[in-house]
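The following pair of complexes shares a single chain, subunit A, combined with subunit B in the former and subunit C in the latter.
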Partner chain A sequence: MIGNNRNIQIRRIFRQNESYLFLVVIAYSTLITSLNPSFLSLENLFDLGKSSAGMGILAIGVFIVLLSGGIDISFAAIAISGQYIAANVLIATGIDNIFFAFLISCSVGIALGAINGLLISSFKIPTLIATLGTLSVFHGALLTIVGSKAINSAQLPDCFKIFGAKDVLILTKANGINYGLSIFTLIFIAVALLTWFFLKHTMLGRGIYAIGGDMNAAERSGFNIAKIQFFIYCYVGFLAGIAGVLHISLIRYSNPTYIVGTELSVIAAVVLGGTRITGGSGTIIGTIMGVAMVTILNNSLILVGLSSYWQNFFVGLIIVISVSFTSYQSKRGIGSIILNRN
Partner chain B sequence: MAEELLKVQNISKSYVGVQALDNVSMSINKGEIQSLVGENGSGKSTLIKIIAGVVKPDEGEIIINGKRFQNLHAIDSISEGIQVIYQDLSLFPNLSVAENISLNQMIERKKRFINWKEIKSIATEELSNIKKELDLNERVENISIANKQLVAICRALTQDAKLIIMDEPTTAITKGEIDRLFSVILALKKKGISTLFVSHKLSEVLQISEKVTVIRDGKLVGVYNTKELDYDTLSFYMSGKKIVDSVFDYQEKERQKEPLLEVKNLSKKGNFQNINFKVQSGEIIGITGILGSGRTELALSLFGLNKPDSGEIYINGKLVKINSPQNAIDLGLSYLPEDRLNQGLFVKQSIQDNAIVTILKRLLNKFRLLSDSKKYKSAKEWVEELNVITPSLEAAAQALSGGNQQRLVIAKWLATNPKIFILDSPTVGIDIASKSNIHNIIKGLANKGMGVIIISDEIPETIHNCNRVVVMKEGRIVKEVDTADITEDELFNILARKNK
Partner chain C sequence: MMIGVFIVISIFLPSKFLTIRNFQSISSQIPEFGFLAIAMMLAMLTGGIDLSVISTANLAGIAAALILTKFSIPQVGGYEEIFIIISAIAAALTVSLICGFINGVLIAYVGVPAILATLGTMGLFSGIAIIVTKGYGILGFPEKFLLIGSGTIFSMPVPMIIFIICALMMVLVLNKTSFGFNIYMLGSNPTVARFSGINNSRVLVRAYMLSSFYVGIASIIMISRVNSIRPGYGSAYLLQAILVCVLGGVDPSGGYGNISGLVMGIITLQILQSGFNILSFSPFFKKVIWGLILILVMVINFYSYKFSQKSKKLKIS
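== the complex of A and B ==
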C-alpha cells in the first residue's frame, strides 16, 4: 500500500547516511567556530575549498569504483605518475602551458587506468589484488624509469605557479588584503557535476550501479560488464591525472614519492560519505560531504593547535564510529522489515 | 488446434561424464500454462537454460514461433519473447522498483541516456497490467519477496514476453501471495502469454497448470493433462518410486517428571514474541510457518546464535542461559541449519574432517594434539552408522549427493551425543528416496529418547514425522496441535489463513 507519500519521503531522508553526516558537519563546524571564530570566515572556507579540491577529485574516482563493487588503491600512484611525468615533459620540451600539462597528466592517467581496467575486466582478477599489484608496479616504474629526483620551485614551469594562484572571484578584506575563490574549487565542482550527470542520466552510469548491485543480474540483463569496468578504471585514471596537476600547482613542488600513501584517507572519506564498501549504493553529495568532514577535521585540529599526528587518530576514530553507526542502523532496519511485512 | 509457440526436439546435453538431458522433447502452446516437474538434479534447470539460449545442447533443435534454431543464443531467445525468471530473480537490490522494471527494455533499445519520466511511465503501465500498486521509488531490497517477484514479472512484460518461464517461484512466499501470483499468471494467459511453471511442489503444479511435463534423471517421463493426474500418480512419475511414509507414533513411555526442553515467554523484538512450548524425551515436534515467520530465528535463539530479549529456557527443568553455540552444545543441543552447503558443512574439507569437527576435544592424544588415528576411527564409525555413501573419507564433502551430505551433517551432530536435536528444513533439496531415509533416521533417534524439533514448511513432512506441530505466523505461535488430530488440508488452511 502506498501510504502517506510525504511521510515516506521524510523517512527516506533520515535513512540516508548523508543526512546524519550533514548534521555532524554542521555541529562540528559550530563547535570549532566557537573555539576559533576565524574558522567560519569566508577566507578560510575558500582556502579549504582550494586545498581539498585534489582530494575531492580523487574521492569521486574512488566513489565510482566502490559503487561498481570494486576497489582501487592504485589511483594515488597514477596521480603522482601523471604529475611527475607532465612536469618533466614540460621542462624537457620547454612548452610552458597548463593545458599541455593536463593533457599529458590525464593521458598518463587514462593509460595506467586502462591497464587496471584490462586486468580486471578480461582476467577477472579481484579488484583489490589487481590494484594492489599495479600500485607497486606503477610507482616502481615511475621511480626507476622516469626518475626519483624532486622538482623544486625554481625548476618548476611557471604555468603551474600561475595556475595555482588563479582565483575566479576576488574579494578584499577590511585590512586591504585580497583573497579569492580558487579555480581548483570550480574544477572540483565541474568534475562532481559531470560525474553526477553521467551516473544519473546515462545507461553507462546506471550500468555502474547495476553491476555494483548484482553482477550476475547485470550480465543477464545484457549490460556489457567488461566495457563498463574498463571505462570505470580509465575514468579513475583520468581523474587522478587532473588531481596530479592540481597537487603540483598547489604546493609548487613535485616529489615522485608524494601522494602515494594518502589512498586510505581518500577511501575513508568516501566510506564516511555513506558509500557502501560492498558496492551499489552511495551518492556524490555524500562523497563531497565525506571529503568536507575529513578536511574540516584536519584544518580544525591545526586551528586549535593540535599536532598533525592527531589528524590520523581522529580521522580513524570518526570512520570507525560512523561506520559502526550505519551498520547498526541497517541491522535494526532488517529486523523491522521482517516484522512489518505482510 | 492451438498454435505452437515453442517446441524443443530430441535435446541431449552432457557435462563431463554426466548425461544431464537425454533425448528430451516438449512443446508449449500460445497462452498455455504448463508445468515442468522433476526432482533436484533431474535436468529441469539445464532444460530451462537451453531454452533461454544460455546453455548449448549437444544435440537436438529448438523451434520458436515456427523458426528453427540450430544454435540458439540468449539474445535470440529474448527477441523471440522468451523470458526466464530465475529463482534468484536477478533484480538489482540497490535500484528502485521503477528502474528494475524498465532497465532491461532500455538496454534492449540500446539507449544511451536515461529518461526518468519514461522509466516511471513504463513501470506504472506494467504494474497496472497486473493490477498491482507499488511505490516506484522504493529500493527493491526493501520490498517483500512476493513483490520482488511481481517486479520481475513486470520486467519480463516490458520485453514483449510471449512465454514466461518461472523457476521455482513459490519457494519463499506465503499461501496468499501464491494465490496472487497464480491470478497474475491467469491474467497473462488471457493476454495470450504462456507460462512455464517449473516446480517440485506438486499441489501447486496441479492447481495452476493445464499440462504437466515430467522429467526424471534427464529423461522425459511423459506429458500429461493435469485433469488426468492426482498427487500420488504425479509423485510416482516424478520419483519413479512409491514412497510410503510411515506416520510417527509417539508413545509416552513413562511419566516424565520434567520436559526435556521448555520454552517460556521467549521474545525477541522483530523476530518472535511470547513463544511457549515443551519437548518431552522421545517426542518429535514440528515448527511450521513460512519464511520470515520467525521459525528460524527461534531455532537460532535456542542454539545461542540470536540472543532473545526476554523469556526463559529450561532444560530438564533447570533454567539455563544459552549465550553461544558452545553453551548450547554443552547443554546437549544440536542444530542442523537450513543452509546445508554454507552453514552445515565445510564443503571443501574432507568428509572425515566434517564428521569430527564437533568433537575435536575428545580426539586429543597425550600431548594435547589432534590424534590422526582417533580422528579416523571416530569419522569412520559415524559415517558407517549413518550410511554415508562415499569411496573415501578423504573426499571433499561437496562431492557427496544432497542426501549423503545431509546424513553427514546429522552424523557430525550425533557425535556430540545430543539430548535435543533441532533440524531446520532437513530435507530441502533432497530427492524423495533420501528424504524418507532421513525421516527414518530422525524417527529412530526419537525412539531412543532424543527430543527432536523439525522446522519445515512442507506440511506433509511435519504431519508424517511429528507427533505435535506448532504453527508460527509473524513471530507468534498461532496453533499447537497433535498431528493425529489434524489433516494436511486443515493444517494447510491454518497456515494460509490471514491473522485474526
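== the complex of A and C ==
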C-alpha cells in the first residue's frame, strides 16, 4: 500500500507542469553551459536574479489576474506611469529618499489599478477590452500630461543609484572583483512569499481561486465577486508600482516609453508556468519557473551569439508550443484536469 | 451617433472639414482599416479574438514586398511586370491564409483559448517578419503596383472600390450561406451548435482563414499606399480595430454583430480621426481618446443591456 501510495505521488509530480518546466530549465541550462561556460557562473546567476526581479514581480501580478479568470495588459503602462511620476516628483521636490519613491510609485499603481478594478467589477466589461482601453489611456495620459522627455542618469536622484547598487551578500572573485546578491532578488522573493501566503491562507486568496474556477459557484457560496476583482486589480497596480521603481534603479534612466511593449513576454512567462488562462489553476512556483525560463532564454540567445532579432520569434514559439501542450492535455481527458488541479 | 459626430465636427470646423479633399483622404484611409476590422469581427463573431491581425498583415506585406523588389527590374515591360505584381499579391494572400490556418488549427483542434493562441502567433509572425527583414524596411515598388493603393477610377479611390466589393461579399457570406449562419451559431452557443450537427472545428478554421484572407488584402493595400513595409508597421491599428468592432455593435463574447454596424463604426472613427488631425492633436492624446471611447462604449453597452433586461422583466410581470 505504501509503495503504491508513493508511486501515485511520484506520478503526480511528473504530471505537474512545474516538474516538466524544471526539467526543461535544467536541460536548457546544461546545453547553454556546454556552449558557453560563463552561463553557469554564480556571477551570471546573481545578475539574472537582479535583472529579472522586476519582470518577476510583474509576472506575479499577471499570475493573480489570470488565476481569477481575467487578463490584464495595462500593467506595463501602470509600471511606467508609477516610475516616471515618482522620478519626476522626487526631482521636483528635492526629496532624495527611496522609500518616498516607492510610496509614490505604489500609490500611482494602486490608483490606476483601482480604475481597472472599477471598470471590470462594476461595469462587467470583458477584462481584455477594459485593460486594452486603459493601457492606451494610461500611457497616452502619461505622455501628454506628465511629459515625454527621458530622465537621464545625471538628473536622476542619487537614492535610485544607491538602491540599484545595493547588494546584501557580497562575494569576491578570484581576481578581486566584488559581486553580490542584489536586494532586488530579495524583494522579489518577499513579494512571492507574501503572495503565496495570502493566496493559500486568506479568505480573499481562496476567493481568487474560486472565482477563477467558476464565477457562479463562487457567488453562490458567498464570495463578494466585485470586491475580490477590485482588490485583484489594485494589487496588480501595487506590484507594478514596485516593479517600476526596480526598473529605474536597475537601468538608471527613465524613458516614459520603456516597459510598455513587454506585456507579451511577461504574460508568456506566466502562461509558460502552467497558469491556465481560463482561470482557477496555477501556482507561484510555476510562475517563477516560467520567468526563469524566459529570462534564461533571452540571456542565452545573446550568450550563444544569436542576434536579438530572434527574440520575438522564440518567445512566440515557446508560448505557442507550451500552450498547445497544456491545452491538448486538458482536452484529451477531463480526468487529467482534476488531477492537475490538486 | 455617426451623424452626430459628423454634425458636431462640421459645425466647429466647417472650413477645413467640409472639403472634397478631406473626404477623399477619409475615404482612402477607410479601406485598409476596414479590412482589418472585418477580420477582427469574424474572430469576435466566433467568440474569440484575433490579436495577430497586425503581425499577419506585416508578414503578408513583407512576402509581397520581397517578390516585388527582388524580381522587378525596371526595364521589363508590361506583361512581366503584371505577372510579378500578380504573383506578389498571390504570395501575400497565401501567407495570410497560412497564418490564419495556423491560428484556426491551434484554436479549434488543439483547444488553445483564442486570446492565447493569437497572442503567441502574434509574437511568432512578427518574429519571422523581423528575422526576414533584419528589422529594416523594404521600399520602392513598381509604379503599377502603387495604383492599387493610390489610384482612382472615376475619382473613386481604388481601395474604396475593393473594400465595397469585399464588404458586400462578406455580407453575402454571413447572411446567405450556411457557413455564415454556422459562425453566428457557433459564437452564440458552441454546445448547441455542436449538437445541431455543425462541425465546430472546421467552421472555426475556415472563419480564421477567411479573417486572415481579409488581413492579406489589407496588407496589399497598405504597402501599395505607403510604398514601403517594415515589421511593426501599423501596430496602433490593433486597438482601433477592436474599438471599431465594439463601436459597431459586435459582441466580444460572440454571436452578434453585422457589417453595416461595423461600417458605421469605421466611418465614425475616421471622421473623428480627421477631426483630430485638423485640430492637430498629438498622437499621445489621440491614444488617450481612443482608449476613453472604447471604455465609454463598453460602459454604455452595459447600461443599455441592463435597461433592456429591466424592460423585459417589466413586460413579463
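Worth pointing out:
The rule is short, and it goes like this: the second predicted complex is superposed on the first by the 327 of 342 C-alpha atoms of A that agree within 3 Å, B and C clash if a C-alpha of one lies under 4 Å from a C-alpha of the other, contacts with A are read in each partner's own complex, and residues count from 1 in each chain.
Assume a residue touches a chain if its C-beta (ideal position, glycine included) is under 8 Å from a C-beta of that chain, and two chains touch if they have at least 3 such contacts.
Computed from a predicted structure; not experimentally measured.
Contact with subunit C, but none with subunit B, is seen for A:L119 once the two complexes are overlaid on the shared chain. With both structures placed on the common chain, the touch criterion links A:G222 to subunit B but leaves subunit C unconnected. Contacts of A:G180 after superposition: neither subunit B nor subunit C is touched. By the touch criterion defined above, A:H201 reaches subunit B but does not reach subunit C. Ranking subunit B and subunit C by residues of subunit A touched puts C first. Every residue of subunit B that touches subunit A in the complex is listed here, in rising order: 75, 86, 88, 90-95, 99, 103-104, 106-108, 111-114, 116, 133-135, 137-138, 142, 144, 269-271, 292, 294, 297, 474-475.
For subunit A in complex with subunit C, the residues that touch the partner chain are 71, 119, 123-126, 128-130, 132-141, 143-144, 148, 264, 267-268, 271, 277-278, 309-317, 319-320, 323-324, 327-328, 330-331.
Interface residues of subunit A facing subunit B in the complex, by the touch rule stated above, are 1-2, 8, 12, 200-206, 209-210, 212-214, 216-218, 220-223, 279-281, 332, 335-339, 341-342. For subunit C in complex with subunit A, the touching residues are 49, 106, 110-113, 115-117, 119-128, 130-131, 134-135, 239, 242, 246, 252-253, 282, 284-292, 294-295, 298-299, 302.
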